[in-house]
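Once you've had a glance at the structure underneath, I'll fire off some questions.
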């Protein structure tokens, strides 16, 4: 941090006479030229925090990322957080995009989580693997248009799609990657929410489609009876849990399923088909009583660990984890297990996907960059299915508390794959 | 990795003749003595991944945590993920636990997020600060007990609380920290879900209370007409979104509120009270249409960034983000803004809270270790409130797309606090 | 009831040796030739009930409907229930279908309900009337198709719409009135729910479209890789509350809105715009906390009373009542009030719409028979809006308890329209 | 209607010069002295409707109720609606309140409904009957208290229960029947919803407890820091569907269950246990996808028909129908079927329960008047269970469309009990 920058920052703050470090007017985080992404600016900022707080930030300082690379991903950087990274696998996947065995990087601090997913993966792999399929692949922005009354809102809705070609042209004029697929109107009183449904390729693309949508909305404002709009209505359920997510449209709709013979269930998961199916039924009832959004054991665990590892926008776990796990009898002596993820948000370009460890973890899965997102979605679905059967088995067999209590000190029978793998 | 370990691992795998690297039978992740937390075991495992995948894991390898410290937090470790860490503040909080100005560490790769939270924090601080209060502080496990018919389930429920002292004694015999507060029964058909409601102090304590509950359940099984139980029913909504979370019980119930004069709204957020209130109303309608669990702008963003920074169990964002943001008119020329978090899961002991950067970030806030969790909860609530007003203002003022589009290259007016702070 | 019938019935029951009137084997309801819709069969059946129960069914017997007309609407008839019928109005409606002032027949036993709706109607009428608009007009059946695995389910979904012309032809071969508009697939694991979306004109038409759908499903079964289907999946939310209803498709999507000047609010409803808007906001928060499906004051009250009066399928109130009430500021001194009903189920042909009082009530509104259903939908929406503002006002003004407590004895100020109408 | 009354009414209307029958200012429904419940007033009002509408209201006029008895149940009466009434049974119930075989009066115009319920009832009865149990029995009003800020709201909540004795005394001073059981606080921002939980004996008692609660709230306002309250917050979910209803408190929590041997399933319902269980699982998935409130086949049908017959407040079907149906394997060759109704609203005193046909139908079940409500709740639960198994079977066996298509003309095999009963 050069003196000049320091001065610039000081001047700004000193202009406010009351702007001291008192509780009444605590100071801003230090300002730097060009927002301070140079290594010494980051150091200076971190030093400032250390002084303020009286804490040594030894680990925060120990990052290998270039601080300049953080520009566009974070502001006021002081370093990086380290989250332990483990590996779970193999999981054999027969998808349209993911084909073969994968070892999945998962970042977590929850003991037993990786062992549990690993156990499910090995079970699925030994059973012949997981089949995955992707249905929809979209993202959306849902602005709301305002009208003087319900008649005008209705008239707008009836006519909007006549202008679709022009609206599409406006939206796509701002981006090379996003494609506007269609508009869906949802009236409420005298306003109309318009779902702008896009294909965004391998990017999550919220910034891209927000920008495209804003441009299109301005065009609509000039060419319709709408008197105003707000770029967000809350309907899209971005980073929120909702019933609307089941209809898809917020990310990728992906399904993973597998058959597992009873003998493998017993060998790896220590349960019978009946135990697994009973567990499903009992816990579905609990979800219904809770009026939960969806039914699953712990999608959030696997998704969070994968998202942190792979540089995803981790807050999207909230919408991505709304989904359904199903366990069914298959023939006499097998089960069919599946997960359905209606609104899975994953990306392989943009956001944190190009940064340091994120990029390395994506590469590990062979999904970094363009063309990778559908494959990542299929891997995510397969991985979650592994977690679902493993957790369900741990509950049904009574081994859950045991595994979580003892893990890390002496390996409990329930999660010890080495013996089973023989 | 010593040769001995290698052999041990090899033997286990070699016992399975088909266990080659073919797609049909891909190999297990390498096994090591004592699960392989020594530095060279971690290196060996990472090397194995590099070989398998053909990727160099340069950044994954660059961690400062001691790998031995990872034991109990992760399995099959290969290194650590780095997530950029920034600082947002100051936010002045008048809580029962958090008192004073805070600079909040947030780990994210979503550009503009920290600047947006910071802008809200400064606005709140300049407005005199945020008042926070904690209501409930509990965690729960909800096993389900099974009976031959509805009569037996009813009889069980009518009698269960007579045995509360013994059940409490059993549960608490497994832990020094968890306190069983009460039992709540929820029948469904011939089964009964029993909510075991605990106080877990500064730990999230799921492992603790699962163990305690399992012990108590075994006692109940011996002393009642129940013929079996499952440790989880799905009702608790741990790491899931549900309607049941609004009644609290899964973590801390915390509220944060503040008055903001119109002049400050205009200066920092570029909107009038009417614009803010209209935005609230329009977006509430969108949430209702989506049948969303709760109403808020982006709790998930702030919570995720805080949880990653502070070594929390990040998957708990899913239940924690179920909450309500409210903006109200106050007198003629002010607004009252608040957030309500019925089921916020934060901890300052256990899990990842003692590890490297997590511990440092908690220390930065003065909440590391015993006694810190309620304070952290209040800081989280205050921080989220800042994010809500800032995002709402960006939407209402039409600056949202602009800010997200340009951020990181040239600082947009909408989020430039330096000028405003003068 | 002829002796022959009596014998036939007796024989059937006597064939079961244990089939006495003891608690162990209580007898069937008496059987008659051709199901017993003749007047004397109904009398005999009622007499049997009177004997069994020891109750005199004086009022049940006092019906004017022809019992033969009940065939197809009820089984084992013993008479009719009488529900008090009142009239509320005038409500001036400016719809695409409903135009003019209406007096709405409402059947209820809840005191004050009609007075409350009437007061709202008069307020709306004096304010210039309600504008109504209809968006969608559909009904649906959602069978689920079963497959061996997720790959087959995916393949089915990708191809289904190629056969739409044949599927449509099959479905429509069973009905002159239902039109199959489109198919929408929703996968979950290895099964696929297919929404069969129909236009059913003025009938609710569930029986019609179930029959059509079943025929189409049998065709699909013969011409696809599906191995079975179930005619219902639960997704349609017929007679159930759900989030999916907000997207419409189960009946008519209708909106009603009106501007009300502050002076009229004060005169008829004794509140200011601010009071009304505050009430909205506070009660929205309560609905969010309850994780309610939608937000409204009491759609169920008005809908139930209208449905009973007009021979509708009253159980459809459950899906129809999922909707949204909105109150907004309009200019300086007015409010804009609206209701949105995404899935309103009303009919003017079929079911109970042709029977006695039902037909008379429909005629009273000018909607009996073909062409009436959209008009009835608009009247229903206008009527509900009246109920919403009246109830909201009663709560906001503190008159609610008062009105309900005293109503029927001495008319409370809050609901006395006579004085206001002068 | 005396001339004097006519004059009085005319005068009121004529005072408004514009108050003609034109569309701009349509006239009020005629006013009468003492609200016009005398027979000739009702006739005059009906005649006025006939004139206005040009319809003859022959059936509406044919009621046996005394019009004077309608006072307090309806306003502006013009007659009564007739709904066909049938009888379904026998259903053998082993409850704490309902003991023995019942024939249930159901009012409906939906063909096949009674036959379907009857078939389920006979199946359950032949299987040995239904066991029913009641858990909670409460009703609630949920006012919201307002405060200047979150600190004051918190302080209020912390202290409220200290005053419980005085609050209870105030509330109960207005009623002989309602008992205030407890208060539960639910904060949101700077407001606090207080659940007033009552026991209301055999009345639904909303008017009673609203009045009691209002009195108690006025006391609280004088003795706390609250600055205002609204009598309703929306949280209670009265006549609305919500997740909160699963925790009970809005009416009676009732469960009904039964074992059914495979042979009886086959004989009466034409399905195997596996078919029934598969149907359950497939349709649960559909409900989850719809984000439905609860899971059941058609609670709304049976409840609506029972409520209309028995003089219940039919709009309460909306909250009562939120519940859960469960079908489970039992031993090798049986199923266990159950329904759970967390918030069933039934009454045997008050409202329409004392009027004509309502009172007769209640008497038929032996539940009229004091002491009857718990028994009615158990009968309702048993009846619903019958409807659930019958409908599920019709879907699973493929007979559904067939039964609904042909019913009333020639009796389909699927619902023909006569043959089966032999």
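Order as written gives the chain letters A, B, C and D; numbering starts at 1 within each chain.
Just so we're on the same page, a residue touches a chain if its C-beta (ideal position, glycine included) is under 8 Å from a C-beta of that chain, and two chains touch if they have at least 3 such contacts.
Computed from a predicted structure; not experimentally measured.
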What chains touch subunit A and also subunit C?
B, D
Cα superposition angle of subunit C on its copy subunit D, in degrees to the nearest 5:
180
For the interfaces B-D and A-B, which has the higher count of C-beta pairs in contact?
A-B
Any idea how many Å lie between the Cα centroids of subunit A and subunit B?
15
Mind checking the centre-to-centre distance between subunit A and subunit D? Centres are C-alpha means, answer in whole Å.
42
Hey, how far is the Cα centre of subunit B from the one of subunit D, in Å?
40
Where subunit D touches two or more other chains, by residue:
186, 188-189, 242-244, 246, 284-285, 287, 289-291, 293-295, 324, 326, 328
Contacting residues of subunit D [partner subunit A, same complex]:
242-243, 246, 281, 284-285, 287-291, 293-295, 324, 326, 328
Provide the residue numbers of subunit A that touch subunit C in the complex, in ascending order.
94, 131-133, 135, 149-151, 153-154, 157, 185-190, 242-244, 246-247, 253, 255-257, 259, 291, 324, 326, 328, 336, 338-340
